[in-house]
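Common to both upcoming complexes is chain A, partnered first by chain B, then by chain C.
Let's turn to the complex of A and B:
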């Protein structure tokens, strides 16, 4: 990956395309690339939908190589949802293909001076951009079908649905999977709205005629990859459990722990959890059968294969296997215990181009506002369709949970920095609450997934049982996650790297043998710290203060059943997370 | 919902799982990575003493930060301090009080242990068992004249109509 594709949408004669060398951005990828470019080139005080904002799409450092699980791609910009810096990442095929074409980043900047909607095509001969007004207001599935008809079936697509065109705060960017379906999304933070503001409907990626990227030290790379895959296969989560049940395996367990936010975070247990959990979902998918039903990967090179395919009772394709957060947001959070209805909502949101966490949480808030009854799946589906149609009500809902709560006067709105909380109640698992509160991204469950200082053997050990241990752990997790997000590795590799030191060493060896730059645990952590500092500084310059690093007050006051716990981590402790 | 296991209050949990139910200790140590007692996450199984009507849940290792947090004795246990099981609450029990505890099995653990537990025998409340049986695929496989109820032959139609007792029933699968 030795070049950047810069597309300026503001040109008086239409958009202009430039291919540039990496320059100051050499050695970066994924979140490191997107956050560095945004921090350096975007004014923190600009309007997120203005010409001054930039949308950066960057494959991970290891993408396009033979490294297992390296197909994640990062999308960065100033977020229209949070008002701060945003990195949202996705699986799917485009990361590997863009990397093989040699692009370390695509930057969309400026803003068209007309109403045209554009299509970008990238292949081994370069990139082109042309008006594509015939795609206006099409759903992601129709867009991909039209691209297949025009460019063949060996492409990958990066696209927005109507929600992105309408510049909604919950709008996502879709990335096609191995079956060329728009099922993988950079969902969080309204990145789809920024792509919509740039006037780009779809980016078609065709890597025909390219080859797999080779590491600087191919022999060491091969050995490291072998050790890395062995670590993944040996681990109880990545080796077997994830393939059998997918991420939705968490439903019953989080529910048992009393940490499953139910009916808009009112209680910690949902009586219908067993009907929508991973066990029930896998059983249903196995009974219905079909290609890739209960087990599938989201991109080539995945050895965990935590996904699947959801077919209806007649064997017709509906959507990919809904993930835990999606099932929760539309399930327990809305009091709905019907997997077919949840899958239908997932499909609609993928098609409209919406973040399933933001939209599901918004539906729960809307139910609290009396727009529908908890448990009423038909009403929930109707509300999602309003979003896709862009009705006045739909525009409000599509702006996310915070806006919906404000418009309808709801006090219980589970957001941090304007972004909806994922599927873990922070009163039950307070360490996750620390991460929700302090993450540069707003409430984000992937911000603190990774290896800790204890595992890495750097930065001293942490006593997690002391109150300050939670803050230290959250800090270490956020730092390490930022570094993993730069590699292009799926965040699920961290289960193996958390437990198996050899697997973590193999990840470092993969980085070193790929880039030719020495990589140690210390350097890896420093890398993560640099990314987080850049993001934090951007947010401060955008106007964020300590008061933004807080959970909504009701989490401190309303106790959660069955454990009767509140979020009681002190503000002074939260303020210590970024002391590094 | 879980199933009932008849045992004695005061029994160590490991004795219940290994000695009474015949689950290998190596399986408990390696495969069962997430354990709850009365909805609280457990770190040390050997510190648990059975209390009357206890609810025990067993699961494999779970993904994600939350999954890692809930794992027994994990490095992130501090993250869920407020919902961790306090071993001190497992008080010694005087005498040998018989009790039925609730055992819940999730994911791979359920797949692995269910056939064995059915052989050992589980306790289910009558109406719940009736509901489960009548709505399962088993009903279609029952052969006419194969049902005995309190030593009396029943037709399938009679079997479906009969009102089961609400009390606990021992379910044991003796052959496959």
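Let's turn to the complex of A and C:
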């Protein structure tokens, strides 16, 4: 990974491509790369859909090596949804492949002066860009089929669906998985709209003729990876729970804990949880005679394999095994307890190129606006189809929960910095509430997953229902996560690195032996802090203040059943999250 | 004016009304009253449609007296459109009548726990509130007809149309004029949505049995009023231009100056300007055999009488003589040069209860989004009807230009703090650009009308095309305007008070002899500064920073014909507007 691919869409004679040395960006990857480039090259006050914004795609520092779980790829830009900096990362195959091709980042900049939609092809011979107007308004599944037909089955694709072309605030960027399906998404913050504004429909990556990246110290690297994998296998979450049921194992856990946001965050438990939880999902998948639950990874080198495939009653492929947050957003949040309906919505959103969290939350807000009844899966599916069609109503919903709330005059809108809250009620899981409020990303569970110590007993224990200790918990996790998001490691490695000292040391050793630069726990934490500081400075320059580091007021006033709790972490405490 | 009417909509047994002494609010009126109450009683971070927000309606300090032009009324709240503090003022009869009934302010607070829509009736015997569900979704014209039928022809009405009930960001509050028509609006900032969220459809005001307010020093007051009126008559703008053609006399003036924003701010001159300017409008009105142009005031005591009535070809009433900004927003901004179409749109928006500036600008943005062609009046009328009907598309447009731009992925959206820019291009009238950028209200020409010295040669001369001197000009005007907005005086008095020292002294004398409190030029300016500071502090607490005191970036980059100018007042200079 010694070069950057910079594509300027503004050229009067069409886009121009150049390959640059890393320069100031040497040693970076993933979130460290995207946030550094955005902070350095993008004006914080620019319009997110303007030529001034840039879309940066960057494999993690360890991507393309033999390190287990190192296939995450980061997408960065100024977010059209939050108005702040955005890093949204995804699994799938492109990270490993781009890294093996030597690209530490792709930067899309400028804006085409014409109506063409472009296709980028990257392989061992370099990169090309050409109009591909025949792809206009195709869904991600169709795009991938066309790319397979044109470029063979060994490629990976990075693409947008109609939502991205329509520049919707909920538009995602799809990354193909090991089965070459567009099921992995950089979902959050409207990154797909920025790719749409750049006029790029798909980036085809073909790593034929390349080799796995070798670390600077291959022997040590191999040892470290072995220890790392042992840690992952040893930890109960990654070794057992997820490996059996996937992320959706959380449905019953969070529901039991009373932190499962139900019907647009009105209660903390859903009577239909058991019908849509990981256990029920696994049973269904096994009954339908597919591979069964939690049998797949999303990229080569995954050892947790938390994913699977969802088939319909007739054995037809529908979508990948839906994640916990996807199941929740379309399930409990909308009062829906039908896994087939949920899987269908997941499929539609993957195809249209939509963030399943933002869309599911938006549907719940739409239900509060009277557009459908809670529990009405048919109506919910119809609404999602409107988004794909780009009807006026679909445009509203595709703009996300905050805009939908505004347009329909709804007061109860669970967003922070314009981004929808994920699947954990901040009143009953207060550590995640601190993360929602203060993250540079807007409400985002992955930015500092305090569910660990709050609910799962991972990384210690902090009582989820009390305000004490939540700020420290969230701060530490936000810092560590920023660093992990730079490595290319899947966030699920943190269960092991939090609980098993050897696993954490192995991660540091992987970094050190890969890059040849010394890496200690202290350096790793400093690295995370530097990333967060960059992001926070961007946001401040974009106009964010501490008043944006707050949950909507109703979380402080409306008591949540069953625990009868409000969000009571004090504002002054929230303002201490970034006191480093 | 010795009391406040406070109506709490939250009561479990229905709304409660109390009359309170002025207390801390003694001596205040108009914008000074609304901004002080909002700053003191409303949490800057609350949701604008929540029970925590309050809607404050306050006649000016001189309202209800014999002072000429003293019939403005202020509406204040946290704005659903900007997210900051809002004061939007209106002409019409209610100000004088409320003042004569002794009410210095009406405060609507809380939120009904039911679906009722309420009617408030205020007369010499006090105030009552009762459900009036039969008014649901009626237009303002129908509401007023029903109120006339129930309460006689001597009332005045303050009401919302369907837009306010639907809590749209562009929803206005209508105030009836001397002909008891709902043609005067507190238009800006979505104040109608807040009234809608409070569940109040109409406030009927009946001042039968009351008397004109007497000043503390009636003799001096009478003298001052005489001098004041003389000044207004002597000044060319209020004595001649407006008196002949109304505010629409500006169309040709601003177009000549190259600052007439055309087709969503793409050029500074409109080829159809002469067809829709004040002169053409007057000719049409005179031809159609009505009263002719500029024959009416909006309230008793007006001596400028800048208004008139617009009749259709068949002599049927359509609307009041449309104001310059209304003509521009639906005219040049949309490429439409048909006065009949413009008048029809004005009528529809008055009836639905919509801000004509926000809506016209939104139509231009919608045209850039491809929803209609520039110049297509029929399509524009159809779009406005969608707003009144509350279709999904109508909901989008009714949410204003910023939301419409977001929903349709349009980059060119002329808003500041979420509020649409009025009828003066900030590149060619740079003083107004400074006001747009920095006003506590969002883009608002009335907040500091630098068109005076920039174009009209009133209050000195500052070259409209150069950045020099604009910040000082805008600052002085913003300060003076804040004070004038507290007096109840129509903003048009400032032409005379800026140019004629005797007229300014007469205004100070009116204040002093009315209130019995000493009033000097210095005190008046201090009064304005205090109001602005309150407002700015509220906005800062609501999350505004200097990055919000900026125009959209394209105004700094795209050159405007015919003068080939960009907005080049430096950011650091903009940050000096509030350096007092």
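Note that in this section the second predicted complex is superposed on the first by the 556 of 580 C-alpha atoms of A that agree within 3 Å, B and C clash if a C-alpha of one lies under 4 Å from a C-alpha of the other, contacts with A are read in each partner's own complex, and residues count from 1 in each chain.
Here, a contact is a pair of C-beta atoms (placed from the backbone, for glycine too) under 8 Å apart; a residue touches a chain by one contact, two chains touch by 3 or more.
Model, not experiment: these values are computed from the prediction.
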**Request:** For A:547, select first, second, both or neither according to whether it touches chain B, chain C, the two together, or no partner.
**Result:** second
**Prompt:** Taking the superposition as given, does A:236 touch the first partner, chain B, the second, chain C, both, or neither?
**Reply:** first
**Prompt:** Which one hits more chain A residues, chain B or chain C?
**Reply:** B
**Request:** Classify the contacts of A:430 with the two partner chains as first (chain B alone), second (chain C alone), both, or neither.
**Result:** first
**Message:** According to the stated criteria, A:297 is in contact with first (chain B), second (chain C), both, or neither; which is it?
**Reply:** neither
**Prompt:** Given the touch rule stated above, what does A:249 touch, chain B (first), chain C (second), both, or neither?
**Reply:** first
**Asked** Where on chain A do the contacts with chain B and the contacts with chain C coincide?
**Response** none
**Asked** For the complex, which residues does chain B have touching chain A?
**Response** 1, 30-31, 33-34, 36, 39-41, 57, 59-70, 75-83, 104, 106-108, 110
**Item:** chain A-touching residues of chain C, taken from the complex the two chains share
**Value:** 43-47, 49-50, 52, 80, 166-169, 193, 196-197, 391-393, 395-396, 399, 403, 406-409, 411, 540-545, 547-548, 550, 552-554
**Item:** Contact set on chain A toward chain B in their complex
**Value:** 235-237, 240-242, 244-245, 247, 249-250, 252-254, 256-259, 269, 274, 278-279, 306, 324, 424, 427-432, 435, 445, 448-449, 452, 454-455, 463-466, 469-470, 473, 477, 492, 495, 498, 562-563, 565
